[in-house]
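In the two complexes that follow, chain A is the common piece, with chain B as its partner first and chain C second.
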Partner chain A sequence: MTTQRTSGRRKQALAAAAVVAALLTTAACGGGGDDSNGGSKNGAPGFDAANNKVAQASEAKKGGTLKFASSQDADSWDTTRGYYGFMWNFSRYYSRQLVTNKTEPGKAGAEVTPDLATGLAKVSDDGKTYTYTLRDGVTWEDGKPITSKDVKYGIERVWAQDVLSGGPTYLKEVLDPKDEYQGPYKDKSKDKLGLKAIETPDDKTIVFKLPEANSDFEEMLALTSASPVRQDKDTKSKYGLRPFSSGPYKFESYNPGKDLTLVRNTEWKQESDPVRKAYPDKITIKFFSNANDLDARLIAGDYDLDLAQTGLSPQGRTTALKEHKANLDNPVSGYIRYATFAQNVKPFDNIHCRKAMLFGADHVSLQTARGGPVAGGDIGTNMLPPSVPGSEGQKYDPYGMAGENKKGNIEKAKEELKACGKPNGFKSKIAVRNNKPVEVATAESMQASLKKVGIDLEIEQYDGSQYASVVGSPSNVAKKGYGVIIMGWGPDFPSVQGYGLPLWHSDYILDSANNNFALIKDEKIDGLFADYLTELDDAGKAKIATEINHKVMEGAYYLPFVFEKFINWRSNNLANVYTTDGYSGMYDFVNLGLKNPKK
Partner chain B sequence: MTAPLHEPTAEAAPSAAEEAAVAGAEAKAVQGRSLGRIAWERLKRDKLALTGGIVVLFLIVVAILAPLITSLYGQDPNEFHEDLIDPLFGTPTGSLGGMSGEHWLGVEPVNGRDIFARIVHGARISLLVGFLSAIVAVIIGTVLGVLAGFFGGWVDALISRVMDGLLAFPQLLFIIALVSVMPDSMLGLSGTGVRLLMMILVIGFFGWPYIGRVVRGQTLSMREREYVEAARSLGAGRFYILFKELLPNLVAPIIVYTTMMIPTNILTEAALSFLGVGVKPPTSSWGQMLSSAIDYYKSDPMYMVIPGVAIFITVLAFNLFGDGVRDALDPKGSR
Partner chain C sequence: MLAYLIRRLFAAAVMLVVIILVVFCIFFLVPKWAGVDIALNYVGKQAGPDAVEAVRQKLSLDDPVVVQAWEFIKGIFAGRTYASGGDVTNCSAPCFGYSFKTEQAVWPVLTERFPVTLALALGAAVLWLIFGLAAGVLSALKRGTLWDRGAMIVALAGVSLPIYFTGLLSLAIFSYGLGWINGEFVPLEDSLTGWLGGMILPWVTLAFLYAAMYARITRATMMEILGEDYIRTARAKGLREPVVIRKHAMRSTLTPLLTMLGMDLGALMGGAILTETTFSLPGLGQKVLDAIQNQDLPFILGVTLITSLAVLIANLVVDVLYAVIDPRVRLA
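Entry: the complex of A and B
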């Protein structure tokens, strides 16, 4: 026993020595890092080299294993149910739609391009009929052709919200606003294709008949929730565990919260797909429970990129910025981080009290709390994200948030307080998610800066996963007195409808899971949205979006913090990397390749 | 009665007064010294315990005078100093977490609040929760422990089983659950006040079985002693025996356990604040500071070291002092 014990100790000592040695070597690597913005010795293309442009497209080779890492699993891998941005992005590996986002960097990535269809829709003059023809040679993973009926069935699944909850429901609201169709599982017709708004005269043709025109309809068809699903492969609520592939890769294994592996779908043919390049042979995701651990493994080169694409955590970010700058991109995410003022909590029913908040807050401090100009983003000055057509960015700054009042304007705030009838300030509460330390930091910043004008804010942290019932319920908000609600929002698809409709339209004031926290009920805003839906011209659409944004800002319902930016990691081995506005500034997953497939 | 009153001053003041005290002590020695006196004499000789005691006293003074100290020092614990923060990394610009003549212990990352001021104010929370929850535990524990030990039978069985149950309870998880469902305001308190009250009550409530068990054991062994028998045979009532014969003899173990319980409670408070269910921002607490320091342990290690050291010193001081008190009060002690 004694000898064994000694050997055990020796092993420990050896292990400790090995760890120390490893630490020293990593430190040494770090020391010789790449500070320059240009390319580096280890092959990384440089800081921001893949931000809105393609980096190292020519170096992508066929084959190899592309390794994702993530600190969270998708909400569901079911094409109907997923709502997370990274799930939509990743789903293009195993699902195709009639149209999809262009595989191009930056703004162009948000435009739609034909995928299963031979071309963009033939739209009737009144904007109510959309006709598509399916491409030849498009197949499922078992080799059977994808038909227009499969597309219709896949879209019909959106109606089955009782079984398949979670995904976006735009298609349901546009195609069936009166809620007449019951969904495919309650469908009495034999083929379960009872939805009247979609017609499939033959296997290659599909016709959408909209009750009312909607200028963003084709954008909605580019969402993952418009993917085809084959009826005999529909496992209903279990479909997310093993979706049946229509894309270049199919599921090999999936252990929720642990790992996921996709392998090549041998039935998929390159010539039938104008969008996907399908470089790697295999795609894996490894799920981590600790974000710091994940970042360390990314930086060590064990994985190629972060699946969630929400930026490195503060710790990893500092290390990466100091030592591996060439591996980072700093894209605008399309999200705006903001505070909303609930009009059903006094005194926020008074516009002057709301304006006092906008003038009193220290916007630089809020930006620092979000992570500063690089990791947090530029100071937000209005409510339309830079990726949405019609946005003006910081050029539209009605309250001087990035200009003369960026450190807070106490005098103006006090004037507004006087106009509000509260010259000595008032008390209220900030509701903030407890699982988001950065949001708590912004709440503390508001608290500190607004105290100077006499506004006394108490911070209430609530369980972030319960947000639909805590801040999403206007009656609960009124009861608890949550005058200020801190939140963030990104566009589902880059248009004012895909961003602002749930936030600002009076029809979207809901009893639970409400997102119109401010309870905006403005006929002018509602009217502008109605105009937008029938406006088919792109320039006209952008103009209306700008007007809506101005109306929202004039109402002082929102205090934007930042136009969010991320610092995302890409490994040395990634090629053909670029960020796309189609997926909120993430890398476009579907066409990533590896430089060295054997690595 | 002059001598004991003199003693603390005698400690500080030299020569004449000291001699008088010593003389007084010698004079008393002939008459036999009280238990408290013997303990005090012993404690005085235990340098380690004395140091612990002085640190504890110092901390209490700091906690009470926190607003005065920070206003003399010239920094508000909740004031932001973003000019001292590197906007790219969110960490303080100076070395050692931004330590300077103006900010003695540096500033927090992201918002640049003064760490010294926050540590001083954080001492209030730690000590308040530590002391008050210990008092709650002592009151419940003593009452129920004495009842169980003295009455025996089904009373003992019931109380003992409750204690066993509570000791087996995962208290940290329970507190986290409780804090997330409790109301925002109660008993006229709101915000941080509610959180503090809740922490004190809950930590105290889960702490009483520890003291209850000791008190019960002591009572059990004492109620059969000769002097109790004597009192009983002279016709003393139950309550007379309880309050006049038993309780005075329980004081020593209770004091010892209280001093040992306070540091544990301080650590529980730190753990709760660390987990985000402690006091509300912007109120500072050591545990909350540690918790937010995790994201910066590489880039700004001082931010983690400082509240860690504060907790370490406080807990160590209480433990040393508690140990000394136990040794001093131990009738079998050799010193």
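Entry: the complex of A and C
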């Protein structure tokens, strides 16, 4: 009797477990496309169909609500303060600049095109004067015209770092290298427009006078931080809670960490904007604290896309790749994930010890730790991201990382150790952020593979949110003996300056918040950057970028892991979807449309 | 009684000041000793010295911890003004700090989010009391039966399984799988049914953990009380069993459970953090986690102090109630 009863209960328990398991595996099957690479009957255009090409452009219709979901809020929605890539991408809904990135897929999306301005800059022969004329009919959300003074004031706000910290400061460094201007909030002039490097002879004309030429200046003007801001609407540090719109949408509501809603700016005129299509009527963001829940709701079709665009979580990725592949794209993010060697920690002051690391590491294992070739990316072989002009991708592989040495070359590593004076290896520490499990996995991979050549690495996890003062302080790095620092970096704008200047130029070695972790002081590299700034020809710029990359790799300061890739989700209802190098492989948000606006 | 109350209030005020000092030491002094510059958390990756200095000024990081704590206490009663670089930010009383990450005063955000956490706690408490007590009493009355064993196994599972697991499982089954419940939070003012739909799974998830604990304790207490002399006397008097249970056994069983309930409601923040994170509920718990992840010290500080204050008030109320019930306490 007892046995029979137990058996019955066991069967019931097994049946219940099977039901739960089945539910878990089939969970979130409602909204996505249902299969393969070549598109699905639900309307998803196919795997990678929007990667560097436009998917379903003609199906975008006016109207409806475009729904973003995100597990993180922006650092700030203030155009001067935002630095997150998705913030720059999203801000084009409510802010315009003189020039902006082209709304085209792939590499073309990283080129600049006129926005508020009637054309690209008229540049003087010496490359120091840039003149723009504003279009007719460009207005703020209250219908008042956008003037050149609004653009100047918006740019001047970058100088108010004591109030508006957080955003990129390239314009400040280029226009006022001696740091003479105090910013509009301390400006004694009546109109608060005292920055001498920008002139506004009339409401339509704006002239930038650079003390020194900078060949990427127009790319800098395409950054969100070059957006116009109207003085009477500037709420200073609170501006990010309710920016005043110059674009096709304006803020209806924003609750930090909860939700954000944009509605149409009725004063915006399509004929005044050659860039934005403004398909949806409304754009919403819902913030989630549970990334798995977010992915499940994306896959269920409750939302159209992920705002952060950093790929699905491992669980969501597995389900999506298996059952909804037609809804996925696998773009290159523009980021390189790497380990760098601090030269102020012995024996990393010796190039041969650094080379021993490059030869001894198992690059396939590092790629696997990052998520493998699809979710992690291709093995990194050098330090220039594929989206940056001058990059050679995996073709430039001076240490055979994706070739003959991809599983590690113990012999060569030992030769380098001998040349370094450490034939039996050495001990050091890897500093890795504790809030990045994938980085911890790469540290473990390095530890395992380098142990085989006698390099004994101890992993030390630190509070990732404190990286600016933990690994960003060279003295702290030396004190703690962090010979190896694991990190990642992406371009602010697609050029060697927008990517590598803070990493490799000796002027960027800082006492705190340092990013030149390797403490590179190479006159040749500094000289090449100087050449780059005055080189106005695109081909010439790309050539210099290639040279800089070669010099960095010859110094063996870095062990690149991957040219990062993501797996991003798009709903069946999205149309006119494409990834763009202008925003590190994200979907170009500003011209997304819906196939069925009523959905 | 008045003297006792004044004594207790004075002790609570001293305790609060001590808590503020300790919290300030943890948040501002310990990082300094560890060589971490807090100001760097509030600036971007291209921050210049101006920006870092301005944050130091705004957060009074260069002041001694005692001065910072005093300014904070003053702000609670009189409000505060943060000024830097031509930007003035007013934080009106009660000012529990100001976040320069989200540019929001701490107090309004916490009060705005509090109803969600309160609704979660109360809804879950009702569920766990009903099911926990019912399961515990029935188990005690049917000791050794299949029901008893089954209920205690479920209770063991409830105590053992983390909220994150049961939460995700409930979402997978009822929301993504069967589609019975949307499971996404909807504000009450938008839709009552939507709100209920968004709250039911968090309630059940949180209640599952506590109901399990309550069921086990109810069972143990009830079994102990059923063996007492006065229960035997009641039965001997010829009272019907339901009356014995309801009027005699239950009353005694409830006393320790109500004390426990008071303590649990006070210390619910841990459960709320996990539940609110799992279900993306915009309550205090979610905000605390977000603040911890972003090193948003003013919010962490504000929530820590408000939670401490809540526990102090709860203790004060309990102390006063004890004094009302037992005059000996007043004299102690």
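Operating definition for what follows: the second predicted complex is superposed on the first by the 564 of 599 C-alpha atoms of A that agree within 3 Å, B and C clash if a C-alpha of one lies under 4 Å from a C-alpha of the other, contacts with A are read in each partner's own complex, and residues count from 1 in each chain.
Here is the rule we use: a residue touches a chain if its C-beta (ideal position, glycine included) is under 8 Å from a C-beta of that chain, and two chains touch if they have at least 3 such contacts.
This structure is a prediction, so every number in the text was calculated from the model and none was measured.
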Partner chain(s) touched by A:61 [first = chain B, second = chain C, both, neither]: neither
Chain B versus chain C as contact partner of A:282, first or second or both or neither: neither
Partner chain in contact with A:458 - chain B first, chain C second, else both or neither: first
Chain B versus chain C as contact partner of A:204, first or second or both or neither: neither
Contact breadth on chain A, by residue count: chain C or chain B: C
Contacts of A:128 with chain B and chain C, given as first, second, both or neither: neither
Contacts of A:468 with chain B and chain C, given as first, second, both or neither: second
Chain B versus chain C as contact partner of A:264, first or second or both or neither: neither
Which superposed partner A:346 touches (first chain B, second chain C, both, neither): neither
Contacts on chain A seen with chain B and repeated with chain C across the two complexes: 463
Chain A partner contacts - residues on chain B that touch it in the complex: 78-80, 82, 85, 87-91, 109-111, 180, 184, 190-191, 276, 280-282, 292, 295-299
Chain A - residues contacting chain C, complex: 20, 23-24, 26-28, 30, 73, 75-76, 81, 83, 160-163, 165-170, 183, 185-186, 236-238, 240-241, 255-258, 287-290, 292-294, 296-297, 300, 302, 435, 463, 465-466, 468-470, 472-473, 476, 479, 502, 512-513, 515
Touching residues (chain side chain C, partner chain A) in the complex: 31, 35-37, 40-48, 50-55, 84-87, 89, 100, 102-104, 168-169, 171-173, 175-179, 184, 276-280, 282, 286-287, 289-290, 293-295
Parts of chain A lying in touch with chain B, wherever the complex brings them together: 313-315, 317-319, 321, 362, 364-365, 368-369, 371-375, 434, 437, 440-441, 443-445, 447-449, 458-461, 463, 480
